[in-house]
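A short write-up of the structure that comes next.
Chain lettering (A, B and C) follows the sequence in which the chains are written, and residue indices restart at 1 in each chain.
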Amino acid sequence: MVLFLAFTVIPVGYTLGSSFFAMRLTGEGVLGGIRTSVFVGLENYIAVFQNSEMLAGLGRLAIYGIIAVPLTIGLALLFALLLDSPGVRLKRFGRTAIFVPYAVPGVVAALLWGFMYLPETSPFSYITRAIGLGSIPFLEPEGLYGALANISIWAGVGFNMLVIYTSLRSIPGELLEAARLDGASEVQIALRVKVPLVLPALILTGIFGLIGALQLYGEPLTLKPMTNSISETWAPLMSIYRDAFVLDNLPEAAAASNVLAIGTVLLSLTVLFVVRRINARAAR
Amino acid sequence: MSATTRELADRRTRYLPTIILILGAIYCLIPVAWVFIASTKAPNELFNSFTLQPGTGLLENLSELFSYRGGAYGLWALNSLLYAGVGALLSTVVSAAAGYALARYTFLGGRIFLIALLAGLLIPGITLAVPQYLLLSDLGLAGTQLSVLLPSILNPFGIYLCYIYARGAIPEELLESARIDGAGEWRIFSRIALPLMLPAMATVFLLQFVGIWNNFLLPYIMLSDTNTFPLTVGLYSLLSRGSGSPALYSLAIIGAAVAIIPLILLVLTLQRFWRLDLITGGVKG
Amino acid sequence: MRTHRLVAATIVAALGVSLAGCSAGDTADGEPVTIQFWAWAPGMDVAVEQFNSTHPDIQVEYTDAGGGNDSSAKLITAVRAGNAPDAALIEYTALPRMIIAGVAEDMTEYVGDVQDAFTEGTWQQTTFDGKVYGVPQDVGPMAFVYRDDIFSKYGLDAPATWDDFRSAAETLKVEDPDATIASLSTDAWGWYAAVAATLGEDWWSVEDNVWTVNIDGEGSQRVLSFFNDMYNDGLIAADPILNPSYNSKLNDGTMLSWPSAAWAPGVIYGVAPDTAGNWELSPFPVWDEGDTETSYQGGSGVSLISGSEHPEQTAEFIKWLNASDEGVDLLLNESNLYPAAISGQESAISQDPPKLMPQQTDYYQVVADISKNTRAVTWGPNTDVAQSAFTDAMNAAVQNGTPWVDVLTATQKAVYEDMKKQGFEVREG
């Protein structure tokens, strides 16, 4: 309880408070003054919403999220269903292999994929060049979203797969048995019986995926030195870090991160609400 | 006894799904395979030879890695182990105690605390990292190893998992009868509740261990002395070395390869202790 | 803040964690004074050890804080948090920003006696309005580092002027179409600023507390449009440098030069050791025949950090490290820096050339000659804003094929408005 206060509540309060201040030059100094903290009210929030780069960053994040989150969950569901289907071989190997990326830190994952993407070192571009198609533009503007989303899909599929798989395993065997006796094919069983039953797991992984997507930071940061397509403010968190630590503008960073946090909470609640509504309707 | 339909169906290999599964496995393994291949390349081979062709510099790279800046890499590995091991252990104990308390006692603010806890899950880490830094600075702890350990102890998700599990797995009657027998609250917790919660605690420990091991942002902000870096920040520092210094790609690659081996082994061996159904159990409630 | 302290203290107590004493300010007589020093160059620990063994009354604790943008960010945060070191290495480009942020202290009263150890141009890098905010440690006289073997193969000399550079690029494009003469990365704002400075353009200048921002001046426009034309004609690249692609080009001999500074050979050697012996260093190209002045790229100085309890002893260490013969020799030999102090540059002349060009025996003589004709660049208090504005605009210009001079306009606007917003007295040049 005390810990929670110390590391969550107080920082949140502090962030809220500091977002109403700004660093301004005051007094006489050699180069024109020394920066000190001045109360500016909502000015920082206005600045956040007027900051076209921040808004553009949110836009980029939305595109990225729309690609990454459904694909991660979709693939995780697919693999979980495969693991749970009769007649599929090499399950142990498959499960283990797909789970391996979970053990790779995000910064390292981005570095590895960076090498996979760069035309000079990419094995994929090597193949496409060999058959005369030229390099794949992973890190050019047209391929960038896919490239970034791929990293998070790669890192996230295994864990989500296990979560969904565990939940699949808890479906009572008689239920599936009955469906099979009714002559349903494995695909039909998967779609009609299993998927609705693991919906809670899907919602949960989906929301976590969403939160993760909004906090995109390390991957573009690591890829940035490799390409001109990632700006200093590509993702909102990159802007926030830059404001807070590089530009010494903690207050505006605080305001921006509050906006982002509130946005995340609202978005998650909306998803939950929509899902509940759909569920309720389906139940009727 | 006749075989169930499932057993019947399982006798026939289904090729298409098997192929899809194997493709998925290959997709996940390629970058990992690449890092191990690339780690065998000498610095001059790294950019010169076909990317999937093994090189000849593995031993040199290894000795280079462990001698870099007087053995900084070994220090980073120990730091990671310290942060992840101790952090996860403390975090598990705190989570178990808090989860148990929330599940078993009704007290003022418990409900509010739970909601705040869930909201805490949704707050971007960077929002907290900055004030946490200033707070720990006030205590003179910023830049020390404690500054990474202390914030890692609180894990809202871990508390939540323990709460869910404690609610489901500890029968109220058992606690009641213990109370009637005159056992103190602490005794009940440590002798009865804790053993029952072990599966949940193992899960929390593993999640938190991997989480701290892979964490980048918190140590990146808190620490400035390279001797206190964990592996993630250390590897990043090899890549981002300021103007006029080239990134040390071959060191970073061998470093990454060495760093992920223990974690892969850990995750693979401990997979079976995971009770991931806990996670999904949470949403139903 | 009081409540924070209380709560935080409770937590720590509750956890049973014992707190070590916070500050290292021993003021008792006879006790040696301990000072904290942050830097990042390799071998700096050796220099510190040497100092400690010869100065029993001052003990320096060295922290490798890592270089780059992050290091100055960390320093600001540490000062705000009250746990900053006594002395720290700060890049020249970041120094004004650190002064405004209240990080670097005025140390004029302590360092007057070492001014003569440096050339006027070098000393200017850490002096603002007559006040000294640091002692220069290393400098980067701009130079042209190129593949001598490939240039000679096609009968080309090192370019003396930028027009020579262009015609060399044209020849190479015909003779060796896979190769690129050079890549000017889109984030090279500091490089462009330094090159513009050789034409007499100061992106920032300050007089009587009034700043002038002149990023889109005529000279700067000339620089940008010159390289823009070369880029449009396919003669140079604008790709990131020192990333894996670039490194693989350095290795296979398709990246033929790096217009940069005297620290470049060490960097290239780190990436492409197999190409050693094929490179040479020559003076930086000039814009008009007869020009001799060039500029600096990179380099840093050591500053006294605000809040230090022992400014005098800290200054003594800073002076020993960067201006004494003993310290400067360590910088040269242990950290492989090109020292800012004159004595260091002189003793460098007798050194063997860098490993990248063992055949170029007059290497350090060439560097010393360049160093005599360098013009200091004044950096502004918001170089970070310039960096992001420039980089983002340049990325967009390269991708959309719009004129590069627009980048200057955009950067000028961003820098000027930021300074105004912060409360500087500022005008546009």
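Throughout what follows, a contact is a pair of C-beta atoms (placed from the backbone, for glycine too) under 8 Å apart; a residue touches a chain by one contact, two chains touch by 3 or more.
Not measured: the values here are computed from a predicted model.
When you average the Cα atoms of each chain and compare centres, the chain farthest from chain B turns out to be C.
C-beta contact counts were set side by side for B-C and A-B; A-B has more.
Here the CA centre of chain A is 36 Å from the CA centre of chain C. Averaged Cα coordinates give chain B a centre that lies 38 Å from the centre of chain C. Centre-to-centre spacing of chain A and chain B amounts to 17 Å, using the average Cα coordinate of each chain.
Taken residue by residue, chain C touches two or more other chains at 4, 8, 11, 69-70, 74, 77, 80, 242-244, 248, whereas all remaining positions touch fewer.
For chain B, the set of residues touching two or more other chains reads 47, 134-135, 150, 221, 240, 247. Multi-chain contact residues of chain A (touching two or more other chains): 3, 6, 10, 14, 115, 120-121, 225, 245, 250. Every residue of chain C that touches chain B in the complex is listed here, in rising order: 1, 4-5, 8-9, 11-12, 15, 17, 19, 22-23, 38, 40, 42, 63-71, 74, 77-78, 80-83, 91, 140, 190, 242-244, 247-248, 250-252, 261, 263-264, 267, 270-274, 298.
Chain C makes touch with chain A in their complex at residues 4, 7-8, 10-11, 14, 69-70, 72-74, 76-77, 80, 96-97, 99-102, 106, 128-129, 131, 185-186, 206, 209-211, 238-240, 242-245, 248-249, 381-382, 384-385, 387-388, 391-392, 395, 398-399, 422-425.
Put simply, chain A touches chain B in their complex at residues 1, 3-4, 6-12, 14-15, 18, 75, 78-79, 82-83, 85-91, 93-94, 96-109, 111-113, 115-116, 120-123, 126, 154, 157-158, 162-163, 166-167, 169-170, 173, 176-177, 180-181, 186, 198, 200-201, 203-204, 211, 214-215, 217-218, 222, 225, 237, 240-241, 244-245, 250, 253-254, 257-258, 260-261, 264-265, 268. Chain B makes touch with chain A in their complex at residues 4-7, 9-14, 17-18, 20-22, 24-32, 34-35, 38, 47, 50-52, 94, 98, 113, 116-117, 119-128, 130-132, 134-135, 150-151, 153-154, 156, 210, 213-214, 216-217, 221, 231-232, 235-236, 239-240, 247, 252-253, 256, 259-260, 263-264, 266-268, 271, 274-277, 279-280, 282-284. Per the touch definition, chain B reaches chain C in the complex via residues 43-44, 46-48, 69, 133-143, 146, 150, 221, 224-227, 237, 240-249.
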